[in-house]
């Protein structure tokens, strides 16, 4: 970490600052310029509160050299992490397709979709029970009943499950759900993250709509600092000025997150674009970019889906996408 | 609401759609063009799920004519709402300054600041006990102890309190806190909003970092639909590409929210800019733009503030700002 | 186009408006609701000035049903356009790789790079002579001399050329340049676009840093309305809040622009990310997404490149990328 | 400027780099950490090409300590600049209101508006002759004829003129126009800026729709580096996700630009919001924030304005705004 002192900082002020750093166990190198003095801080600077430092009147600016996230940082954990989802592995070359409906609607719906996507190669079943909706008047999900229906589908197909949590008080309902999803709007719900860090559940955390990769990794840190290292990162599109697509899928996040972190990175092309006809090209592109998996919405009757039907594939369309994805996997493997 | 049908929609499909609308109690006007047919839906369209409608294969696009928020909508409540905070009124010409430290740190700190800001004209005391921080390694607030200290300051000065909640499980702690703040990062924590809607507490809701005014008002709807109409809106800066300031204060939100809604609108110039030297000009500008109040960070020793010291005013600086704000209020009142 | 009238519009005002529309040759369908009256305009609404219409005091809002761009619109030209670059075809299944240095620096540099990228499969040579730089103190390109050096490389290798224009007064210099590039910062330099529309040169137009696809297609319309239909669209990354990458490559723009327009769409992964190590994954992803070509920066000595060296591949790295791109092409072709 | 070297940089590489810096006349201070070595560069680093430096394989990151703009920088010119517009002064406490129609439409229109705004206190007349429009099918301005009409209005009223230039080839037409405006879309049209820097005209440069203040000041540098120091900065709203307002007026840019630069800063509340009813509150807020002037659209018949009528005030509305602005000026002067 580098701290640049303002012109006019007195020797006494500089000395006070340096001893404050030394109290934190840091070494300090001083570089005196014509206009500015630069302090280089050496040691574990993760816990230096950069906001506090910047607030000091003698500080011109502060720059981190090392990233402020630790547990997710590839520097301290050079090998890819592999997350084992009830026998289904993600990461380090293990690629999985998660598929299922945006919302669980009925027994027949979820069982049918689960069987169809399994037949096409999906290895994990997704289904929303708790739905974050902008309007309180829109369908909010079947909640506990939705989880029940998912568990029935798991019993029938053997597919591990992923479903979104919205409040920590619902945690008990997720006991047999294999992956708990933290949605984009809760990416900085720090209380929820902290509580999930105390569990041993696998957590899939989606990047927030206007959040940076660093913020995603800092949120991941809330989970991992609690001792839970079972985390999967998910790129699902960010908010931009574009209006033809609902969000803008940031596929450069795939190689960039791989560089920054050892955690697996999967891509959700359905929510990103909001348009079912863009799911195939974006699924193929995500695969080519090196994603560790995909999460795709599939509905047996997209037109009657209770939410987000516009972005769901039919089981037949999904079958085609899954087949082409395997071709891309082969092409990049060679 | 207007629904535009795609070219090639059959008469049967169109009829089915129309009877679906009629089942919802809506009237439908049909306008047939060369390329498109347009359906005008008449009646209470608030509960039409626009996502579902857009997902139908025969729909080209959908446009709302009326806003999807109801309780906060000025159309159905033309007079300004006045929120009574334990005798201190906000809205409809009642202007208040909320002031206090970003974080409550100690008994002496909060008592001293409370007395100083009260002497300068602040009528409500702010203080953070639960702090949302990007990094789990940064100071997270004194939590329950912080609320205790705030209550002591209330006892000494008589000032009503505002403090931020981060999880509904902490609600009991806020029994004697007069205004519960929902922070920018929780603006779309719908579970929290829904639970707050079941209480009778005054809720100040801050606009999210990358959220629109419509989204703010839809989140407000989660609170109000539950029966709690005691809501104050707060503009605190949005995320833009600018880096010299932390966020970009959107002052046009003040007159625009006043046009859209009957709820009071206050402005937080401290978090918006992140720079104490910009607080004065932005406080004056917000006042000139017609805000119903200001929320300003004040610290007796900003350099030692445990968070966000860079944006805090000293009590003396606050005194100057409060005095100038009153001058602007007089200038626009004439 | 749909125009929604405000409550309180008088019959006389409505009649005046309708006759104004009829004077423009439009038919008008009227749909009267409880609160609003909706006018559906039928006919060629491309030339209705939407800003002017929205400004009328009786108008609540206006919505276009048809897109405001015509010449580039796939609705009126359903087959993919093929652009013939001196015998090298782009579009409708013809895929080309454009490669070369960010800036032309010397005779030896451009000749060597041209030969190397040609050997690896590039079919068009890029090279910057006029460089748009944020700072006037940064290297601005060799300008006319740079064009001369490019022409020498064309003579040696036979590769067609692409280079960026910054001012219409330099047009003469581009006589033997095969494709004229309009850079992101000039995407809305309407005077430049209008003048290029009067030429018969092939124009590659890059999407602006904060521009939507609709704005890109409207800028394209400036060129095409002048009679020049030789236009190639280029996605090169848009500005977002992300800082690890320079810009965010929007690959969903590839299928979306293909849906909206018949023009070829190529992708520039070098400028988008600003990082040479992300060029390969993004080039593969763009190919998988269905791009009609790629534009990649290659430098024989990236560390000494006079601009943007950080994003340039070495000729060896480019050779690998080109080979893998061909594999992806095969995978999606089957 | 600080350069952080990557781990594994050899002594030889480090020495080479240091002698490269020394060749540029810079002194180098070395600070060796456990993981990184930091070089502090001392001297005039304005001309170090930061992109080139970042591209070197041994460089981890680079940080400027001093701003890269020089001529506009307050550090080297501590007093406010005053721009003298034909006797009308802007800056250093001199506050002016520029008013007039978006587009010049006719002799009678411009003369009438000019007289009305002059009577209400405007001291400079604005009027668009060359109009940048997103669509080539929208009204593009009267061009040369529009300038002629402006000059007639100047003759009648004595008001100095401001009008927008779009191409350097039109420069001759602006001989008697007192201020040349560079619009938001041309803020990074570097060729135009460079040419304007060779003239002695007063240039008002508007901040681009998605540009930062630093980029605005770097563009200003293109003009000033050519020797033309007569520059006025203009905040006119930036692009955000908000849709109720056309753009988001960034009023914190007023005090921030004043801190960074000695140039006058004016605010255009008309284009920023796109809504005439928001012009008054935003004009008052801009004044309270310390702007050196305002630029406001006024039209004698806003409903028939050929462009941007929705944001124009009537002369009577303008009279009210101008009067209230004077009250705010008095309130902040005391």
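Details
Each chain gets a letter, A, B, C and D, in the order it is written, and its residues are counted from 1.
Following the convention adopted for this analysis, a contact is a pair of C-beta atoms (placed from the backbone, for glycine too) under 8 Å apart; a residue touches a chain by one contact, two chains touch by 3 or more.
Please read all numbers here as calculations on a predicted model, not as lab measurements.
Taking the mean Cα position of each chain as its centre, D sits at the greatest distance from chain A.
C-beta contact counts were set side by side for A-C and B-C; A-C has more. Chain centres here are Cα averages; for chain A and chain B they lie 27 Å apart. Between chain B and chain C, the centres computed from C-alpha atoms are 39 Å apart. Per-chain CA centroids place chain A at a distance of 31 Å from chain C.
Touching of two or more other chains is recorded for residues 210, 239, 241 of chain C. Against chain D, in their complex, chain A makes its touches with residues 2, 4, 27, 29-36, 38, 40, 42-43, 60-61, 63, 65-66, 210, 239, 241. Touching chain B in their complex are the following residues of chain A: 46-47, 49, 51-52, 54-57, 68, 132-139, 166-169, 185-186, 188-192, 194, 209-210, 215, 218, 221-222, 225, 239, 302-303, 305-312.
Within the complex, the chain C residues that touch chain A are 210-214, 238, 240-245, 248-256, 259-260, 272-273, 277-278, 281-282, 284-290, 324, 327-328, 330-332, 334.
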